[in-house]
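Have a look at these structures, which come just after this line.
Each of the next two complexes has chain A plus one other chain: chain B in the first, chain C in the second.
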Partner chain A sequence: MTAVFWFLAGVTVLAAAGVMALPNVFHASLCFALSFFALAGVYLTLGAEFLAAIQILIYTGAIAVIIAFAVMLTPPAIGHSNLSNRQRLWAGAVALLALGLLAGGLVPVRWPEPGPLRATSAASLGELMLTRYVVPFEVAGFILLVALIAAITVAKGALKP
Partner chain B sequence: MSPPLHHYLILAAVLFCLGLYGVLAKRNAIVALMSVELMLAGVNLNLVAFDRYLGSRYLGQVFALFTVSVAAAEAAVGLALVIALARRRNSVDLSEFTDLSG
Partner chain C sequence: MPAGWPRVILYASLASLVVLGLVSGIVLFLVYLERRVLGRLQARIGPNRVGPWGLLQTTADALKLLTKEDIVPAEADRILFVLAPLVVFFGAAMAFAVVPAGPRLVLVDLGVGVLFVVGMGSLAMLGYLMAGWASHSKYSLLGGMRAVAQLVSYELPLTLALLGVVILSGSLAATRIVEVQRHGWFILLQPLGFFIYFTAGLAEINRSPFDLPEGESELVGGYHTEYSGMRWALFFLAEYAGVFSLSALAATLYLGGWLGPWLPGPVWLLLKTFALVFAIIWLRGTWLRPRLDQLLSFSWKFLLPLSLVNLAFTAAEVYFLRWLGVA
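Up next is the complex of A and B:
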């Protein structure tokens, strides 16, 4: 299990670094998909198989595809190159500082051992979503509907003066 | 034998910080959006890992599901904005959009 985790974590981090480093945005979007695919594997090592399936369906299935479409629909000059701005050094310093602070706070703590792996999470999750968390569930559906209408309106150009 | 909790938390922190770097440093709006998604993924991994290790009766996984749906909404609206910008200004370079900077 530990070896599987290290392999998947390595693929996730390397692919995420590829999103930042590859000069072509289309390649970066493919790396993005790979990173989220490997992250779904990490969810499997945590016994969250329903979330892993959702992750693959939504991120590598839907979001990566619309990102690839957006890359193809944008003008090629800047649209296809993965440039950095003048704040690159500062941004790197801020990110490294944040990572150092997080790691320095996380590692010394004595974390609890995991409980036994639960048999299946999909059935219990579905039941919880329709009983205890039914109001947030409906609100999430409403947010998705609003976002869908907004995305169509904005992308269609209805807001043109 | 599963790895200890802080391995998952460090992986989540690395993803979050890579996304933070991308949001601050990238000029292409699509890459900035991908970086926001990476940050959200780091947060999600935290939620799922805590759910497994602190035994919270699926609360973390339910929360992660809602985060995923909000991330999907955010990606849809964000990419629609990018496409509207590309159509109107013929560019997706964030350093060109400085109309609101004083």
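Up next is the complex of A and C:
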């Protein structure tokens, strides 16, 4: 399984790099989808069946598609993004800062030894969500509802003369 | 575990070959069936010259398509143009992997089989977008956009309808869902759910009356306007694979799958599936094609609220069944 894992991990990272490096916005959005899809495969090799299915359903099937859809709605003149500008210095500084912060947080952590993988079933996940994590679960649902209503309001407002 | 690798690869290639063979064989027959049934519905005979009862007509057509010249439009985005039919076909064919024809007769008995099928369906969306965009043609672009607008709208009621089955059976695995139906088919407990699933499913596979993405009279051919020969055949293959897998899944989730007396399981599954395939062809022969806005408001304003009602209804049902002591 390790070879499959590394292959999929490589595809995930390369596709993610493609999102940033490709000049064509539509190609970039497809790379986005590929990255999500390969990540679902990574989850599968780690025994997280449910997470993999959800990853494909939500990220590849919904988010990436909506992004590609939005790109198609833009006029062809914006189809090619400008990859370089005069902000390189600032961008580099921000990137270094982010790297430093992340490394500062991640390096000191003592990761547990990788033991045998346990498959998590959808049933046990659902059980946890409705017992131990019921408050975060409901809060997330509520926030999504608010976002939904807000989106409808914005769209309705745009229709009025 | 490097020792097991040859076996894994062998198994994976065999499974893929089985799926590919199954899909091609089934599609050849489905196209024949559709042409014959449509012929009868339109008071004509349909193909009856090549082979006995015209059975070999579609094989001859497939051979013709295979030998056609491969045309890629000059302005097309070549890589995406080539990839698009493959992505669409992949999404349609993968659904076959989790439909069980018997307690052990299933390629992959995924614990999350139902979710897997819905996810693969949404993968096809990307293929339509790619085809529409890469062809560099306004008809293709419009067709691709229509396909995706439709798929996004109908995916919601589809998934919510499936939730009813999942609640009743307490599992996402297709084999388990069939086993539970020993006590009674889910269509009896979920008549609304079945209606929503079947309607949204038809929209999901772009079948008539939801075939706007390829509406011949408006868009020439929709997202596959610029395609020809083998690549076009792949789109065609994917559509019929979609018809079959939609019917097979509906049979599995609502009509008791392989369960039935006297006959062996796979035969029962095929019988139920073909009954539904026949219904789909019948619909195509007799139904009108709606306008795009009608299509979308039907999903958002009717099917979606209905699927929420169905969900509440299912929850009440579970309590009632518990009270009766059945489940």
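Brief remarks on what is shown
FYI, the second predicted complex is superposed on the first by the 120 of 161 C-alpha atoms of A that agree within 3 Å, B and C clash if a C-alpha of one lies under 4 Å from a C-alpha of the other, contacts with A are read in each partner's own complex, and residues count from 1 in each chain.
What we mean here is this: contacts are C-beta pairs under 8 Å (C-beta built on N, C-alpha and C of every residue); 3 or more make two chains touch, one makes a residue touch a chain.
No experiment lies behind these values; they were computed from the predicted model shown.
Judged by the touch definition given at the top, the superposed model places A:S121 against both chain B and chain C. Of the two partner chains placed around the shared chain by superposition, neither chain B nor chain C is touched by A:I149.
By the document's definition of touching, of the two partners only chain B reaches A:V94; chain C does not.
Shared-chain residue A:A21: touches no atom of chain B or chain C.
Of the two partner chains placed by the overlay, neither chain B nor chain C lies in contact with A:L130. When the two structures are aligned on the shared chain, A:I66 is found in touch with chain B and with chain C. When chain A is checked against chain B and against chain C, the one touching more of its residues turns out to be B.
Touch criterion met: A:L39 reaches chain B, while chain C stays clear of it. Using the contact criterion defined above for the overlaid structures, shared-chain residue A:V107 touches chain B, although it does not reach chain C. Of the two partner chains placed by the overlay, chain B and chain C both lie in contact with A:I54.
Across the two superposed structures, the residue set of chain A contacted by chain B and also by chain C is 1, 50, 54, 62, 66, 69, 73, 121.
Those residues of chain A lying in contact with chain C across their complex are 1, 3, 26-27, 30, 33, 37, 49-50, 52-54, 56-57, 60-62, 64-66, 68-69, 72-73, 119, 121-123. Remark: chain B residues 1-11, 13-22, 24-28, 30-31, 33-35, 37-38, 41, 45, 48-49, 51-55, 58, 61-62, 64-66, 68-77, 79-84, 86-88, 90-95 touch chain A in the complex.
Note for the complex: chain A touches chain B at residues 1-2, 5-6, 9, 12-13, 16-17, 19-20, 25, 28-29, 32, 35-36, 39, 42-43, 45-48, 50-51, 54-55, 58-59, 62-63, 66-67, 69-71, 73-75, 77-79, 81-85, 87-88, 90-92, 94-96, 98-99, 102-103, 106-107, 109, 111-115, 121, 124-125, 128-129, 133, 136, 140, 143-144, 146-148, 150-152, 154-155, 157, 159-160.
Considering their complex, residues 1, 5, 80, 110-112, 115-116, 118-123, 125-126, 129-130, 132-133, 141, 144-145, 148-149, 152, 155, 170-172 of chain C touch chain A.
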